[in-house]
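Would you mind keeping the following structure in view while I ask a few things?
Letters A, B and C mark the chains as written, and numbering starts fresh at 1 in each.
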Amino acid sequence: MKALRHLKRALWIIAFLFVAGNMIRFSVVPESFGQYGDFRGAHLAEERARDPIHRGSDICGECHDERLEEKNNGAHGPIPCENCHFQPYAGDENHPEAHPEVSQSPDRSQRACLTCHQFFPSRPSAFPQLANFPEHIATNALKLNKDHVGAHTLCVHCHNPHDPKIDLKQNG
Amino acid sequence: MIYSEYLFPNDMHIYWSLMIVTYPFITGLIAGAFIASALFHVFGLEELKPISRFALMVSLAFMVCATLPLLFHLGHPERALNVVITPHWHSAMAGFGFIYSFYLVVLTLEIWLSYWEEIVAYSKTSASGVKRLFWKTVALGVDETSGEIRQANRRAIYILGLIGIPSACTLHGYVGFIFGSLKSNPWWSTPLMPQVFLLSAIVSGLALLIVMYIALSSKGYLTWSFECLRTLCFYLWLSMLFYMISEGLEILFFFYESSDAWFVISTLLSTKLWVSFVLIQVGIGIVVPFTLLSIMIFVRNNQGAYTTMAVIAAATALFEVWMMRWNIVIGGQQFSKSYVGFRSYHPEWLDQEGILTTMGLTLLPFLLLYLLTRILPMKEAVEDEEPPAEVEPG
Amino acid sequence: MDKKKNRRAFIKSAGRALAGLLMVVAIPKPGRAQRIHEIEIGEDAPDWLDHYWVYLIDTTKCIGCGACVRADKRENSVPPKFFRTWVERYQITEDNHVHVDSPNGGHDGFLPEDLAQLLTSVELETDGSPQGIGRVKKQGRVTKGFFVPKMCNHCRNTPCTQVCPVNASYQSPDGVVLVDKTRCIGCSYCVQACPYGSRYIHPEKHTADKCTWCYHRITKGLLPACVTVCPTGARKFGDLKDQSSEIKKLLSTQRLNVLKPELNTEPFCFYIGLEQSVR
């Protein structure tokens, strides 16, 4: 069939493009693709490789063992050191080289404590929380130390964050 | 229960923006124009002969540009080919590369065969050697235009048109599937979505052809035939009718089922989409062209009035389809997945996915079409049995 | 029962065959399992794969301190204004209004901007309970309130990996939904498909990003950062294959719920005490 010559040629070209295209396509599939399923298997190892940043309280205990013990025995026992000692908003330059992100002087403001202990209707009622901060100061702090009464009174003036049960020695 | 407004914290952004509005719009014009030419080539609607070849060229021009909005949208356009390298077959989007290339091949072949006589003639008569070589390459070294070849071509075009119809439907239906298959989004998630997209694609394709046909034939670039325009307008009316039914059913079911989805959709329609969907898309975009087209069925002799109405109807129908893309793509992202928070979208002028890019990408196919018509004629094939006179290359 | 099962299996395979036919050139490499979690883990597989992770959130214990959100931001360098995990505050008033908020994803807790106002004068609202601290206007007394921590649910029937066109997002054999950032093209289809709003496009990397259950930690025997820092134990994480684990015990004894169960995404992030009003 001479009349079909151009059509045949066109079909050959299409067949060639199809085969060549697919050969290229399969040749550039990443090597580990399909190792564990329909994805690049090497990515699992890449994802695992990253170093953890939160390393837990035990590392802190290697140097600050009394502090850690004090915390662990108190009501704040379940809270890891990092919750307060990691600067929540930015890095801190005060801590030794090993943990530049850890701060020795954490946020001591009222906000830091009230983040957990301010009363909200949404908070579980069994959780210790303050419904009225000025009143709390007026009724409790007043009894302890008259110097610290007022808007500038910090929670940490009366409560040791590592062991928050009232300790008069902290008042100095 | 009454909810205060609340958006999930990650739901502050509209990720699918103007580019994703433009992409189905351009793709729709391809499918629409192709189906118009198929009406002639496959179903033998002789009235459409004057635009049968031109419609194919319109398709090709838009086809080449269809992927551009997607590339502008991707976070990593340089990795776009990953879609065919490691496609995920459960993803509606993964098929795009394959459906697109298949359809491109079918379309190119069909145009190649439709212009066979011209191509062979140019390969012999072009003035410069480079041009002759170019056309010879396009003709794949074959230089015959015998009756036998014509017969074979006509048959091949028929088969290609036959393959092309489901391909065009798949290409556009699948765009609807991308949206319709997401259960996370009540405004998109409906099995009617592929159908709505396909029908609106046909509406937009026919409307574009009507506008271009009237414009180009008035300047003599295309052969004027009132019957051709009438046929185009009738099919526009028909596809609009089916499109309206589908879209209407969609909303009606949402309303009647009155589930979670309607909670979101009713709020959307009365707030964020009140102007763009209810007033503009339905109020202007559907009512005006459909009324005009319905009246036009009874206009038989007054060609001037008919043509004017056809231009208005087609232009508003095109506008309607663009608005429909907008309302689906943007509207579907104007609420948070919490279903109780809503957000606004204001496109930027100079953004990578902004208004200027959109305008550029919408105009680009027209530029391409102009270039195509510079190398191949717009008018229909001459029907005589004689091969074009051979001129010795000088 | 058996018949039903057979029928369901038939419909499933028929559906797959149909889908395969539609995807003309679709010939996946032989031997690749369609659903990764059905893979049998061979003897030579590394032991870090020999787990099946599961997450449990006890909403009755969450105090909304936001420690998890802060820890997550640090651990995973989550870009500002995007969240891999966040905490929502629900307050339901007596007139049945549901007030939800999550200022900055709960990153800074739920205290008002102006703390001084709260400390110097507590204006008691309507009924005398001190609730004038939220950012929402309340029409009546709050009768029910709770916090809901949210994150990627690492669903079994994942709507997000289902739609990823390039296999960049997938479920690991140990049940974690991950994103391969070197393959992701940034089309954000997965962001659209996630019904929980857990995904976002990273503003600098331009790829999809989401919670990984701290995959780099759990595969080294650590807990995810958010679980580590939770002061009340509201967040729990563990291995389903470990028969003696605490989470196994909790999962088998507690009354559980998941988010948007009607979507059949089969989340593997379970909730205790989830209220029906939670979105």
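Just so it is clear, a contact is a pair of C-beta atoms (placed from the backbone, for glycine too) under 8 Å apart; a residue touches a chain by one contact, two chains touch by 3 or more.
Small disclaimer: the values here were computed from a predicted structure and weren't measured.
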item	value
Overall pattern in which the protein chains touch one another (line/ring/star/complete/other)	complete
Chain nearest the global centroid, as defined over all protein CA atoms shown	C
Comparison of A-B and B-C (more C-beta pairs in contact)	B-C
Approximate Å spacing (C-alpha centroids) for the pair chain A, chain C	16
Centroid distance [mean C-alpha coordinates] between chain C and chain B, Å	39
Cα-centroid distance, chain A relative to chain B, in whole angstrom	49
Junction residues of chain C, two or more chains touched	28, 167-168, 183
Multi-partner residues of chain A (each touching 2 or more other chains)	30, 33, 38, 40
Residue list for chain B, restricted to those that touch at least two other chains	85-86, 88
Chain B residues within the chain C interface of the complex	1-4, 6, 8-13, 15-16, 70, 73-77, 79-80, 82-83, 85-96, 98-99, 102, 178, 181-185, 333, 336-340
Touching residues on chain B, where the partner in the complex is chain A	84-86, 88, 105, 109, 112, 116, 139-142, 144, 146, 148-149, 151-152, 156
Chain A residues touching chain C - in the complex, by the definition given at the top	30, 33-34, 36-40, 43-44, 47-54, 56, 76, 78-80, 82-83, 86, 88, 101, 110-111, 114-116, 118-124, 127, 131-135, 151
Sites on chain A touched by chain B in the complex	1-7, 9-10, 13-14, 25, 28-30, 33, 38, 40
Sites on chain C touched by chain A in the complex	28-29, 32-33, 36, 39, 48-49, 60-67, 70-71, 74-75, 89-91, 108-111, 115-116, 118-122, 129-131, 133-134, 142, 145-147, 167-168, 170-173, 178, 180, 182-183, 212, 214-217, 219-220, 222, 225, 228-229, 231-233
